[in-house]
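In the two assemblies presented below, chain A is common to both, partnered first by chain B and then by chain C.
Right, the complex of A and B next:
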C-alpha cells in the first residue's frame, strides 16, 4: 500500500512551494513551462498508478490523454456544449475507453501487455489521423478555456491558468492517494505481487485491473482536457506512441511506484528539455543517454535513489528523537 | 478502377514485397526475444543504420558494396551494443529492457542526424535490377521482385538451418529451455551472441534493401518499429513460423485493406492485433506453450 514518509512529505512541500513561487514570480514563458510541467505531472501520476502499483506498463496513456483532448475539443466547439459539461463528458468518455482497454488487456502480461496497449494507442492515433471529423493532420483549433469569471478568475491569463492547473494537480494527487489506499488499490497491489493467490482468494482480477485502468484513464483524460485548453489547439501528434513512451521515461526517471518521484521526473524532464533544446537540437541524445544510465544503475529513478539512500536514515533519526523515552522504559523493564 | 485479375496480382505482389521486408526485420527480433528473452526496441534503429550505411557505401563503391557491407557494419554495431549494454541487461525484467532500448532509439536517432544530417537520402536502384519484368501477366518492377525472391530465399535458408542442422537444433533447444540446454553442454551465451549479431545483420540488410524504395530519413527506424512489433506479437514470439505468418498477415491486411476499405485501412491492422491478443494472448504460433 502507498504510504507517505517524511521524505515524501518534504519533497511534496518543496515541489509545491517551488511551483507557487514560479507561478507568482515568473513571466509569460516561465508560466507556460510551469503549466506544461503540471499537465505532464497529471499524465505521469495516472501512469504511475497502473505501472507502479499494478504492474500494468501501459503504452497507451498518451493516446488516452489525446482522446480526452479531442473529446473536449469536439464537445465544446462542434457540439457547442458548455465547457464544464464538456470537460466532465470528455473525462467520462476517456475513462470508459480506458476501462474497456484495461478489461481486454487484463489477460496479457509483461511484454504482451505493453504491446497490446501500444496497439490500442496506435489504433486511436490512426483513427484520429484519418477521420475527417477530427480535422486530420491539421488538428483542431479555437478551443475555449474554462470560464471561471463568476468567481472572478480569468483563466485566459496564463498566471491564473497555471495556478488552476496546480490546484487540479493537487486534487488529482489526493485522489490518487485515496485510490491506492482504498480496497481497490490494495487489491491491485496484491494482483501485481501474486495474481494467482489473489484469484484463489476470490478476487475478480480482471475487474480490479479494468477499474484501476479506467480511473487512471480518467486522470489522463483530464490531463488531455487541460492540455487542449492550455495550447487551445490540438493535433494527432498528441496521441502518438512516443508521447506515451516519454511519459514512461518520466515515470522511470522520477521513480516508479513512488507517486512523488514521477512529479520530480516531470519537472526535471520539462526543464531539461527546454534547457537542452536552447543549447542543442540534439536533446534526444542527451535524454536517451541519461535514461540508459538511470536504468543501468538499477536505481529506481532520481527519487527512488534518494529514498533508498537517505529515506530510512531520516526516518530513524526522527524516530530516535521522538521515541527515546519509550526506549528507556523498555530497558527499565528488562 | 478496373478490378481485373492483373490488378489483384499486382496487389498480391505488393503485399508479398512488404511482407518480405517485414520478415527480414521481425525474424531477427523474434528469435532474439525467444532465445534471450530480450526486448530490443532499438531493432528499428539498426534498420535505419543499415539504410544509412548502404547509402554512404553506395556513394563510394556502388550499390552492391552497400548491399553486402551494410549488414556487416550493422552487425559490428550489434556487437558493440551487446558487449556494452545488452549483456548486462539480460537478467533485468522486460520493463528495464524496454526502457534501455527506448533510450537507445533516442540516442541513435540523434546520432544519425549528427552524422548524416536531417535531409532525406536516396539510392539509385542498380542497373541490373532497374526496369520492369513481365510476370504472371503484369509488369512489375524488377527490384521489388528481387526483394520477394531474396526474402523467400532467406526464409528457406533459415528454415533449413533451424530445422535441419545441428546449430539449428541448439538454437531451438535454447529457446525451449535455456537452462537445460546449458546443462547438456551447449554454450548458450555464445549462441545468444551469434544469434544477436545475425539478427542485427538481417536488420541492416533490410535497411539496405529498403533504402532504394523509400527515402532514407532519421525516423525510418521509428516508423518500421511498430509494424515489426505487430508482426511478432501476432505471430507469437520466438518462432520462425510466427514471423512468417505475422509478416504475411500484416502485408496482406495492410495492402488489401488500403484497396478495399481505405477509410478503415489504418485501423484494421490494430484491430486485428487486438483481436489476436484477446483470443490467443501469446500470438498465433508461439515458440513455447
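Right, the complex of A and C next:
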C-alpha cells in the first residue's frame, strides 16, 4: 500500500521547485533537457505502478509509449483528427492494448512474465518498422503540438511546452497515488505479497493485473503522445526494447515501488546522460557502474537509500511532539 | 452445506485421497484427525480447488463446484486458513483483514475509492478483529506481532470473507499451550451457523470444539462419528501410535 511520508513530500516539493526554476530560467537547451526528464518521468511512473506495486516487471512499456506516439501521429496527421481528440484516442488505444497484454501475461510470473512482455514489445516494434503506414525506418514527421492558443498558451514555445509537461506529470502522479490507494491498488499490493491467498479469498487475480496494466499503459501512452509532440517526429526506435530497458534501469536507479524514486531516477539519468555524453561517448559504461553499485548496495535505489537512512529518523523526530503509542508498546512482549 | 462424493487423488503411485465422502450440515463443526501424511491438507486443497481430484465431486450448498476455480469457490462461500501463515507481511492487521473484506463486499477492484475507507468494509474488519481478539493489534504490522497472534490473524483473514464454510488447517499449529486454550474460546465463540471443517492435532481442542470427528489414514476415512465414540476408540489410538497395521 502506497503511503506518503514527510521525506517523500519534501523530495516532491524539491523536485517540483527545481523543475519550475529550470522552466522559468533555462534557455532552449536546458528546457529540452527538462522536457526529456518530464516525459521519461511519466514513463517510469507507469512502469513503477506495475513493477514496484504489482511485481510485474515489464519490458514492453517502451513499446506502449511508442504505440501512444504513433497512434497520436496517425490520428492527428494522416486521419486529420483534432489533436485533443487524437490524444484521447491514442491514450485509450494504448490502454486497451496494454490491458490485453496484461490479461495474457498475468498468467506468467518472474522471468516468464518479463519474456512475454518483451515478446509483445518486439512484435510491436517489428510491425511498426515493417508496415508502410508507419513510415518504416523513416518514421513520421510533421506532428502537431496541442493548440492551447484559446487560453493564450503557445505550446510551440519550448518553455510553455515544458511547463505543460510538468502539469501533466503532476496530474499523472496524483492519479497514480489515487490508483494505488484505491481498492484496486490495495488488491494489487495484496497480489504482489501473496497471489495464492488473494485468489483463495475470491479475487480474480488476472483481472486485477490486467486492469492495472491497462491503466499503466494509458500513462505510458500519454508519455508517448507528449514525446511525439515534443520532437514532432517519431521513429520505430521509440518502440525498441532498449527504451523499456532504460526505463527499468531508471526505476531501479531511483527506487522501485516508491513512486518518488523513479522521478529522482529520471532526473538523475537524463542529467547524467547529457553531462557524461559531453565528455565521453562511453557514458553508458558509467551509468552501468552506478547501476551495479546501487544494486550491489542492496538499497532500493537512490531514493530508497535516502529513505532507509533518514526516512524513519525524520518521522520519529516529527512524531516526538505529537506522539502516539507505537505498536510495540501496545503489544508488550507479543 | 459441504459434501464430497468419492473424492480420489493420486500423485503418481502414491494414493493420497481414497474415495473420500463427507457430508457437513449447516453449522456443523467437524474435526479431521489423522497422522502426518494421511492426506488431510491434500483433501483441503481439493475442497477449495487448489488441486483437482482424479475423480469424485465437491458440492457447496447443493451446487457442484468441482469444476470451479479457487476464486469462484471462495466467492460462493468457501474460505480457508493455512497451516503455514500466508499473510500479507508488509501490511497491518487492519489492512490484512481489509483485503479479504474488500473482496467479499465487491470493493476490491474499485478504482476511485479506498476500499478500507468504506463503511461496510470497516464494519466487517472491526467485527472480525473482535471475533478473533485482534483489536489490540489492529494497527500493528504483521512483522510486529507474535507468531500466535499471526495464527489468529490467519483465521481472521479467512473469516473476513464471511464464508458459509470455513476450512482451517491446523489453526493452533506451532502455538503454545496457553494460546492454544485461547483458540478453544475463539472457535467456540464463532457464529453457530458457520460450518467449520478443521484439521487439528491438538486432541483437547478437537474434542472441545467438534460436533463430529473424521479420521483419515493413508487417504482413507477410517472413522466418522461423534467425539464420544472417537474418545475411547482403540483404532484412533493405534493410528496415532503408529500401530495402524495391527488395528
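Everything below uses one rule, namely that the second predicted complex is superposed on the first by the 321 of 334 C-alpha atoms of A that agree within 3 Å, B and C clash if a C-alpha of one lies under 4 Å from a C-alpha of the other, contacts with A are read in each partner's own complex, and residues count from 1 in each chain.
Definition applied: a residue touches a chain if its C-beta (ideal position, glycine included) is under 8 Å from a C-beta of that chain, and two chains touch if they have at least 3 such contacts.
Keep in mind that what you see is a predicted model, and the values were worked out from it rather than measured.
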Which of chain B and chain C A:128 touches, first, second, both or neither: neither
Partner chain(s) touched by A:86 [first = chain B, second = chain C, both, neither]: neither
First (chain B), second (chain C), both or neither touched by A:65: neither
Touched partner set for A:49, first chain B, second chain C, both or neither: neither
Which partner reaches more residues of chain A (counting touched residues only), chain B or chain C: B
Chain B versus chain C as contact partner of A:211, first or second or both or neither: second
First (chain B), second (chain C), both or neither touched by A:238: neither
Which superposed partner A:247 touches (first chain B, second chain C, both, neither): neither
Residues of chain A defined as touching chain B within the complex: 57, 104-105, 107-108, 110-112, 114-116, 118-120, 122-123, 126-127, 129-131, 241-242, 245, 248-249, 252, 281-282, 284-285, 287-292, 295-296, 298
Chain C-touching residues of chain A, taken from the complex the two chains share: 1, 178-179, 181-184, 186-187, 189-190, 193-194, 196-205, 207-208, 211, 215, 327-328, 330-331, 334
Partner chain A, residues of chain C touching it in the complex: 48, 50, 69-72, 74-75, 79-80, 82, 86-91, 95, 98-100, 102-104, 107-116, 136-137, 139-141, 144-146, 148-149, 157, 161
Residues of chain B defined as touching chain A within the complex: 33, 39, 85, 88-89, 92-96, 98-100, 102-111, 113-114, 222, 226, 229-230, 233, 237, 263, 266-267, 270-271, 273-274, 277-278, 281-282
